[in-house]
Structures are given as structure tokens and as C-alpha cells.
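One structure, as C-alpha cells, below. Some questions next.
For clarity, chains are labelled A, B, C and D in written order, and residue numbers in each chain start from 1.
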């Protein structure tokens, strides 16, 4: 049985919509049954037809999608809606979808503002529906292994976290060149108050909290607009304090010329450290104070159930970004199917990012921007 | 419009069948409509049901599948059949499928023997249908880039080729432990005359010929059974001569303890060299005599159409083994759809391995085993 | 003709003294003729004898060394004095040596305090003698290439600098275990006001300024004592602003459990970025916005005179830490020999760290510690 | 007390002579006291003066050096003679030096022919003097660790060895361009019957036997002259059989365009494998069948006495080629000093390559060339 999936946003010319669709197909847990794929009604239609959707379920707006689908018979109507629009069109459709009784997968950052995020938290909880926020990197099996490793206390108390996300693609004024990806990401009306901090900083922040099991409690940020004419930050960094007393450093830049998407995290405890980076996604490096470092690899027989559950092929056949994304979709589906079957989902299935991560991510964005403007050194991480 | 896909083999407990199915889904070009998923009728049924197939199109044998599908209306019946059985069940179903008018995707090595391979070549040509052999590694975008780089003469005349495929998983007598993957691969009745040479040696051989654009013309092989009690080779190496006078070395081992699947190829010409390995699949290293080496990366704007056509996400978001496999499926589908539309397929679509590669692969197997037994140094590469 | 070298500090049990001596020997530009190798007179004697020094020139204190050597004939007496004592014994012997007419090589950080550093700057200038501060990493040929690359404008205007020095060796309370290296480095009476920041933070700071050609103008630091009972910082990080408007991040830690000495720097400009790290010391990675990254290698025929002058063996035969250290000694010797010969030293020879770097390094230490204690976000970099 | 060192060959323009001299200085165990640095008497003189040698001990021929030094008082005359001439001037001066009572350090390959090598073996044994052959790579601490690891049985019985030495510097007809290094190496009158096989193949062969603790018993070689006009092989490969039944592959090429000097060895046993390469000289990778691979590092507290004895600086400060070379010199010196003191040298000191390795190396050269010409597949490894 496949879950019936609908999509809001992600029409022709979009990047992340296609990624969501591939992710939904990899493990065959979903069937795409409807869509409102663009805010432009014409484009929405054309995109839906191109995807082979039933024309009667290709909608010209997200409102229409929710309204019409709600009226379909229970065994026909959509079960999960993926929302892959720019940030300013996250809250309303998510709210409407949840309130109409649909489960939601939402692209990050979760909302346009922290206020929206907190409001959405209430809505999710009231709805009784499942909600997934696509912090892709937490879908990598070795990221999951890292979290389990720390949680099991193998590194001792955590003392230091370094996390970085250096990109170079916004090194020039790309928004002046009719580049769709660049345009909305640098537009305060669509992205919100942050650019790089919202787009990739939230990923770095989420990865650091996910693996360390800690929460940032204070931060001190340097926020920069480097490229002339740009309206939102394209670079930032922060000193961090965590709730256990550990400290950290976060770096996120879109003007790191020549860099691709090598998000990297290092976590150090009393007994050792660990290191993971997307460029070597199938490797988790474990370092010790007094013995050789170890190379933990996807597919290894020694891995936890969290890693092995999220792996499809033998060690040495690399899985990548799309499979990590697919793991979010798969675990969300397994959870919902368990719900539908009246069973308790396995803990490995429930290990996908949700509303709490979304609220913290939006708090991160607002605290970072506030700190960037403040003369005060440490700001409490306020939610 | 999706192509209607059927599958022979690949039922519960199989490894490569699941990989084929994922590959077929990634780009949404296929719909799995029927299957004869096991030689065990019970298991075939159960597997088909588990996959959500229409029960009337879950068959208990490949013969039944072909016979029954042939009788279905043209717009219902299967269009492409994937055959993912052990080697001894390659030739017959492929022959039957082609002769029934179906396109075929076949797992490698192509057949049980070279004689079968040559016979199959005639059948493919006579059938007028499309045939794809899943030499996965040629699906990687940077492998395609490497081929184009050499073909464009950028390295000058090719002089030396090193190719290797070191695995360690058969370092112990795994076939004695009820391991399905190990059992058939080490069984002469199912694998044919070769073990490692057929299973992974053919991949190495294919990769070397694909990238270099050359053909092996002579070889001198060392073939070993290392693990006591094993019936087929688990290790081998060969000195190679190519048709342009270049020389080479091929290594394939399943007793390289601790190694995973890091197939690697290096090609050297008069002006420079190139290097690709699966562990860094999104990188192609280009080395020059007198200037800095270059790191060519999947997603780079400077890549050929062959690489960019086979890439889904931006540079730095790694694509892996499943996407490489998916590229074979996608290009095969695009080609067949062009056929169906009466159009000429693009050259990038036709760049998937086919019958010629299959014949050469089986010739490689037989020449290697013959050389392993011979006291003569160089054997001509006979087909 | 070899220069006559003397050494203050570096007796039995010391680490860095032995490194200095090897560095002085590699290129055969020096002959060790005298020493006051320990503050313990007995140990100083024993160490000098063990090194095969003329017993009449093994001194029991640095004061004695300077006083006695000064009285020797000009063609016999020491010409260059290496001072490799803990920080609190840097200023006095350096001052005395310079005023006695000797050239000085001094280990970093330069002095116990910034006040001493500024005083020493005057003394150096007044003395007319040469002064070298052993910021080892600037001796690596690919670090020199990086500096030249930036200086030639190949990256365009510099926008971002990341520099890090993660070590793990002080993850435990090693100073409680009779460890000589740990003891003085964590003792405010010997190290000064800083621990990790002085010991390795200064290296990171120097490397960032050396390669970027920029000066830090503001900073905001997080300074931590992580290991219980420790008296000085063992971890720190800072947000940086440079004099051209660029920003940066500096990380230095001695509690990064499992890390060795992989100091790493990344510099990004408008057109591209570069990356160097000690673990791959013979490689300089050059990254571009729109073409493949390049691997520049020690020994490459395409390198600048600054890199090739500091390389001894062909590409691929790695040179390391001792050769980088040796480059400081060699260039200092070539400079002094030119002085003695009344010639102008080549620009490649003069490219060793000196008094200006030392003053900035001590200002870095004091500004970092001040910032660590401050509630104000940005402190001006004051000297 | 330093040993008195003399040098034959290695004058101005030579590469390896300078390397030997640096190696001799690093650990301060030698003092260069005399030399016959060129076969050209003028050049020999000029080179000796440039090195600062006592003019009375700068000789115009190796014969003069040995004759005159023999007549000097025992506490003045040379104790160790380094012979760094091209291959055709190895045997005679080594013989003369040994028979005159001097210890000898000789560059590889040991002699011009196997016959000379076997003759030299007798002379060494008869002389009672110490003899070192500079197979540099065995001086790396992690190579020594690898040998100890295998010898301790940690990998179980060895089954497979891959060793390779790919260089690209002779990709063009460099000997036609007045290149001193290229000229003698490609001249049968100076190199002997082999080019690449003698120059770098012997290193690969020695490394494989050293680490595995095995002896090659059969081989099958492909020997090529790739560059037009060249007189000796510039490329070769061989299938190997070892005396314990293991098999192997050896590759050595000087036309691997773009490659530097990344000699690499992989050894596989029943329980795991190991891997070392010069490009990551301070790392030994240990791979296991069923647990994470381990990164063993120079300077690690867990290493054997053989590795730690040959390391000078803490982990993470890379040591390289010159230090590896220096380890040969140092261990040879420690051994001779023990001899002089009437003590038994430590086993770590005696771990330098000697006459047996030299004889096997020359047998390797002759067997390889013979195999290259033979139609027979396997040739016994004859000495």
C-alpha cells in the first residue's frame, strides 16, 4: 500500500520540488496523486500534466488543492502533502493542510518568522497529524550513527562543537541575472529576515543539535552582507554556548567562493571526537585520545539499527543526498502507516525532524539576526 | 507516460533485484506491472504481492510471464523486462523476451558462457528490440566525463590503464554459512566457469574499455582460489595489451580483506592522466604533466552534456550508486520512448552498455580463465 | 661558511629545542658552538656535553653565555642565538643578546606580555641585528605559495578567512601528571595570561594574516577553561574583522579530543578560494567559482620562486614540519650571510617571521583574553 | 661523537647526493669529512670546496679517496663511505671501500648486474664491515609499523600483495634535453639492463617483501619501452607468487603522466588488510573484515618501538622523505657506534636494508627483464 501524496509548489524550474519527488519514489512508499505546483495557475497546470497527474487533481492553487481533496472519498484523497514553496508560503498552506486532516512534509526553514513557527507548533499538536521538516542531513545513516554514538555516552560529556556550511554559489550578484533560486532566497519578502542564515545556517544548527543531543543556550553572531546590492545576509558565523556548558562555533557562508555544499560537523567529548561531512557522507570518523581513529562506514555490520535501517546497499556502494532525503520520506511513511494500522511506530521510524526542530530553527534565525545587530556579546537563545 | 516494466528474479532475499527496482523508480520513467520474481513459485507469488503488483500479473515462472504478457493488449502488456537472476538463468529468458518483442535489461555478466553470449548477440540484432546490460559504473556522470575526455584527445594517445576492483567480503567460506549472495556466486552450476572474474572482473574490464575507448587484444592472467573449499576463483589479476599498443593491469579480488567496493580506474596518455574511483564517485581527477591536477566535480558548469545529463542535484550534494544505476534505466527508457515516438534518440541517451559490451565481457571471462590455466604467457583476446 | 649558533634553553627533556637543532642542521648553514641549555645549571652542563659542545662553551645560564661569548674573538664567538625557553624567559635573554650584538631566533609566542613585545620591537630596531620568530607554518612552501597567490590578486579582494588549530592533547589534566610540556604551558607564571591562545592561537592568527596579507582590526572572542583545575584557557574561538572589511573565524583548542596538529586555513576572495592544512602540507588547494579546483603541489614547475626556493626534493617526496622549520633557519642564515657580505638579501630570504609578527601576536593574545572577559561584542585590535 | 663520513658521487647537479647529505645531518650522527664527488676531477674539486670540506680531503677520484683515507690515522680517517654514483659505478668503489675497512652506505639498485651483487655479498660478509642499501621507503615509521603488524600475525596468513610505483616524469623524451637525471637512468651503459624496473621497480619490490615478510618465488612480467627512442624500459608490471603461496601484483611506471612519487602498498591476510602510501606517509590504514578500519598515525602512543624509535616530533607534525632517509643513516650510525663500543645493537637499529635486500633487488631486475622477454608465463625467481 502506497501513501497518497500531494505537492504544493515544486513546479517547472524549481529545484527542491524535483528532489522531494525523487525522495518520495526511492522506497516506493508514496504515489503522487495531486498537486498545486506553482503560484502561477498556468504553470501549475502545465507542471501537473507534465508529471502525469490526473488532470482533475492538478490544482491552480494550494487552497483549491486542500479544499477539493478534502471532499474526495477517504480512500482516494491525499494523505500526505509536501509543501516545497518559498518560505513566505509555508505557514498558511501547512496550517490549512493540517486542519484539513492531512499529514505534512514541509521544506525548511519552517516558516517566515518565529511567531509563525510557534503558532504552527500549536496547530500541529492540535491536529493530531504527523509533521516532517526536511532537514535532509539528518537522513544520512552516518549522521544517525553519530547521534547514537554521542547519546550512548561513548565520547563522554560533550565539550565542543564545530559546524560549518560553506557554499560559494552566491559569490556574485546572481539575483540580478534572472536566477530563480538566487532571487527568492535573497528577497526579504520571500525568505524572511535572513538569507544564508535561514537557508543553510539552519541546516548547520540543526545538525549540531541533532548529533550532540544538546541545545544552544546563548550565541554571539557576526552577520554579513558581502555582495554589493544584496538585501539579505550571505555570510555569517556565531560563537555558541550549549545547555550543558559546552561551547561551539557555527559558520555558514554563501560567498565561500569555490565551495559546494560540504556541510561538516565535529563534536568533541571528554574521551574522543567525531567528524562527519557531506563530501564523505558514508564515513563517520571516530577519534580517540589514546588509540587509532576509526572509520565507521555505511553498511558496516557493527552499526546501530538507526544507521542500518536507513541504508539500502552494501558498504562501498555510496548512497548520497537523494537517499538521505528519501530516508526522511520513508520514515515518515512508515510512521503514518503504523498510525493507520493502529501500531506503535518503531523508534528508528520516528527519527525524522519535526515541529520542535522547526521552532528551534526559526528561533535560531531570529536570534542570529538579532545578535548580528547587537553590541552585546552574548544573547540568550530565546524562543 | 511511464514504460511498463516487468521483472524476472529479484524476489525476497535478493540484493540486486531491489536495486533494479529503485533504479527504475528514481526518474519515474517506469511502472512495475508484472513479475516472476523467483524460481520458487511460492516465493515468486509472495514477492509479487509484497511489491503490490496486480496478482493476475504475478507469475510463477519467467516462461509464464512472457507467454501471458504477450497475450495482453498492446497498451497493457509489459514493454521492458528486467532480468536479475543468477547467471545460469540469463540466456533463456532474455532470448524468450526479445523474441516475444520485449525490450530487455539484463544483469551482468551477460550469460553463462561466451557461446551463449554470441548467440544472444544474434538474437538481439534480429529482434529489433533494445537491450541494456547493467554495468552500473558506466552510469556515473564522472565516468561518462572521463570517457568524453579521452575521446576528445585531451590526454593524447593512451599508453597505460590500471583498473582494480578489490572486495573483501568472500575472505571466509561464506558459502558454507547459508549466505544466498555467496552461494550462487561460488557455484559453478549457477555462475559459470568464473567467480570473482565474472562477478567483478567484468565490471573492471568494462570500465577500462569504456573510458579508454580501447579494446583488450591480449592478456595474461593469474587466477586464484584462495579460500579453502571454494569451487570458483575468488581472486585474479591480469596483464593487458590494448588494440592501440597500450598496456594495462587489471586486478579483481574478493579476498582483499577489509575492502568494500572501491572499483578504481586510472588512464594515462601522452599529455596527462585521469583517475576515478567509486569511493569518490563525484570526482574525476585530471592530472597533467606540467600544471596542477584538476578536480572535476559532478554538477560543475564546465562538464560535457554526457555528465550533466546524468546528474540531478547541484555540485556537492553527492549522488551515488543508485543514481548511477538509475542513469542506465533512465537512458534506456528515453531511448525506447524515442523509438516509440519515431524519433532518433539523443547520443547521451544511447550511452548505456549493451550487447557488444556483454559479448566482450563474456569473452573476457573465458579468456581470463583460459589464461589462468595456460603456461603460455600472452593469449590473444578471442571472441 | 657556517654561521656559529648558540642555544638558550632546549636541554634534556625539552621538545622544541631538539626541533630547532634539527632545523639548524638540515641545510648545513649553522654550526652549534655554545649553549645554556637549561635554567638548571647541572642540567645545562649535562645537556651541552651530550650534544658534543666544547665544554668551555657550555654555560650554566643565559647571562653567562652572552657575557662570555661577547668576549671571544669576533671570528670565534657566536653569531646567532636561538632562544627556546618558556615564554617568561624570552624577553630578557633576547634583549641581552641583541644588545650584545647577536642575531636572535626566538620561539613563539614572542614574549610574556604585549608591553614586553613593544619594548622588544624598539630594541630590535635599535640593535641593527636580525631577528626571527619561529612561526613554523609560514615556512611551508605551499603556505608561501598561498601568500603569493593572494598578493598577486588571483582571488580578487579577500572576503572571508577561516583558520583553525584543533589539538586534543590537553583533554585531560596532564599538568597533574608531571608532564613537562603541559606544566609550563598551563602555568600563568611561565606562559603569561594565555594558554591555548598563546601556544597555538598565535600560530593560527599569524598564518591567517600571513597568507591573506590582511590585519585583524576587531575581534570578539570566546575563551574557555574546559578541563577542571586548569589555570589557563585550553580552548577559544573568535569572530574577526580585517582591515579591508573582510570577516573571519579563528578556532584554537587543546581539548579537541583525538585531534593532532592539523592547523588549517581557508581564504576566500571574489574569484575563488584557497585551502591549506598541515595534514596535507605539500598541497595547496585552489578553488574557483566556475572551473575545476586545482591541486598545487610542492615541487611543481609552475610554482613561484618563494615556494621553489623552500623545497629540497621532487614533487611527491613529502617534506614536512622539520623542513618548514628548517626553511626559517635557512632563510635567516642566507639573510645574515648577505649582511655579512654587504649584499642585499633576496626577497625570498627575507620572507621569515620577525618582530612585527611578534608584536601583533602578543597583541592578539592580550586582545583575545580581554575580549573573552568583556561583555562588549567587538573590541578593537589594540597594540 | 659523530661518525666520519665520506661521499663518492653526489657533486654539483646531482639530486640524490644532496639528499644523502641532508639525511646524514638530521640526527647529527655524522660529520662529512671527505669526498670524491664527481667522476670529473674538476667538478669533484669544486663540489668539495663548495661543501666546505678540508681541501686536502677533496679527492678527484674514488680510488684516490680510498687510498688516501686508508693512510690517515685511525682517529682521523673516514669511517663510513656513502656511494651515490650511477649504477655502473657501484660495485668497484663499494668493494674497494669494504676491503679497505670502511663501512658503506650505497644507493640502490645495488649493482650493475646480479652477478656483481652476488660477488658483493661475499665481499660484505668477508669484510666484517657494515653495509646499508638506501631503500628509503623502509625508513618511514609507518612502513616499519606495517612490517611489525604483519610479523605479529595480526592479519593472519598473508594472501595478496599489491604494490605500485607510478611516476610520470619520463613521459617525454627527457634524455634528449640534457637532463642529467634522465640521461643516466635511460642509458644501458650506466643503469644496466633495466630502466624503470631498476630505478623504482626495485623500491616497490623491496617494500612488498619488507612489509609482508615474504619472498617472491615466481613472476610473470610485462616490460615496456613506451617513449619512442628510449633505450630502456620506462614501464612494467608483474604478476607475483610468494613463497607462502600468496599472490601479488607489482606496477612500476615512469610514463604515468601526472603522477609524482606515490609509491603504495597493500597487503591482505585472512583477518584484514593494511595500506600505506607515500602521499600519506604518516598514516597506516588497517582494515578489518568485520569492524571499522583504523588510522594508525606516526607519533601515536600505541605504536611499536620500531615506529616510535624512528619518529622525532609529535603526531600531526608530518615527517617526510628526508626523515625516512635520515632514519636509514641514523640506524646505521647507531649500529656502527654499538660495534665500536663492543655492544650489541638494538633490533630497531639493525632494521635497515642491507646486502640481502640488494641481492634480491638485483635478482628482481634480472628476473623481470628475462620474464619480459620470455614466452613462458611463470619464471622462477632465480638468484
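As a working rule, contacts are C-beta pairs under 8 Å (C-beta built on N, C-alpha and C of every residue); 3 or more make two chains touch, one makes a residue touch a chain.
What you see is a predicted model; the values in this text were computed from it and never measured.
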Using C-alpha centres only, name the chain that sits farthest from chain A.
D
Hey, which pair has more contacts between C-betas, B-C or B-D?
B-D
Mean-CA-position distance for chain B and chain A (Å):
35
Compute the distance, rounded to whole Å, between the mean C-alpha positions of chain B and chain D.
43
Quick one: chain B and chain C, Cα centre-to-centre, how many Å?
55
I need the residues of chain C touching at least two other chains; which ones are they?
259, 286, 293, 297
Would you mind writing out the residues of chain C in touch with chain B in their complex?
286, 290-297, 300-302
Chain B touches which residues of chain A in the complex?
1-2, 15, 18-19, 21-22, 25-28, 51-52, 167, 169, 259-262, 278-279, 281, 297, 299, 312-323
Within their complex, chain A touches chain C through residues 155, 159-160, 162, 164, 166, 168, 171-172, 220, 222, 224, 226, 235, 237-239, 241, 247, 249, 251, 253, 255-259, 266, 268-273, 286-289, 293, 374-378
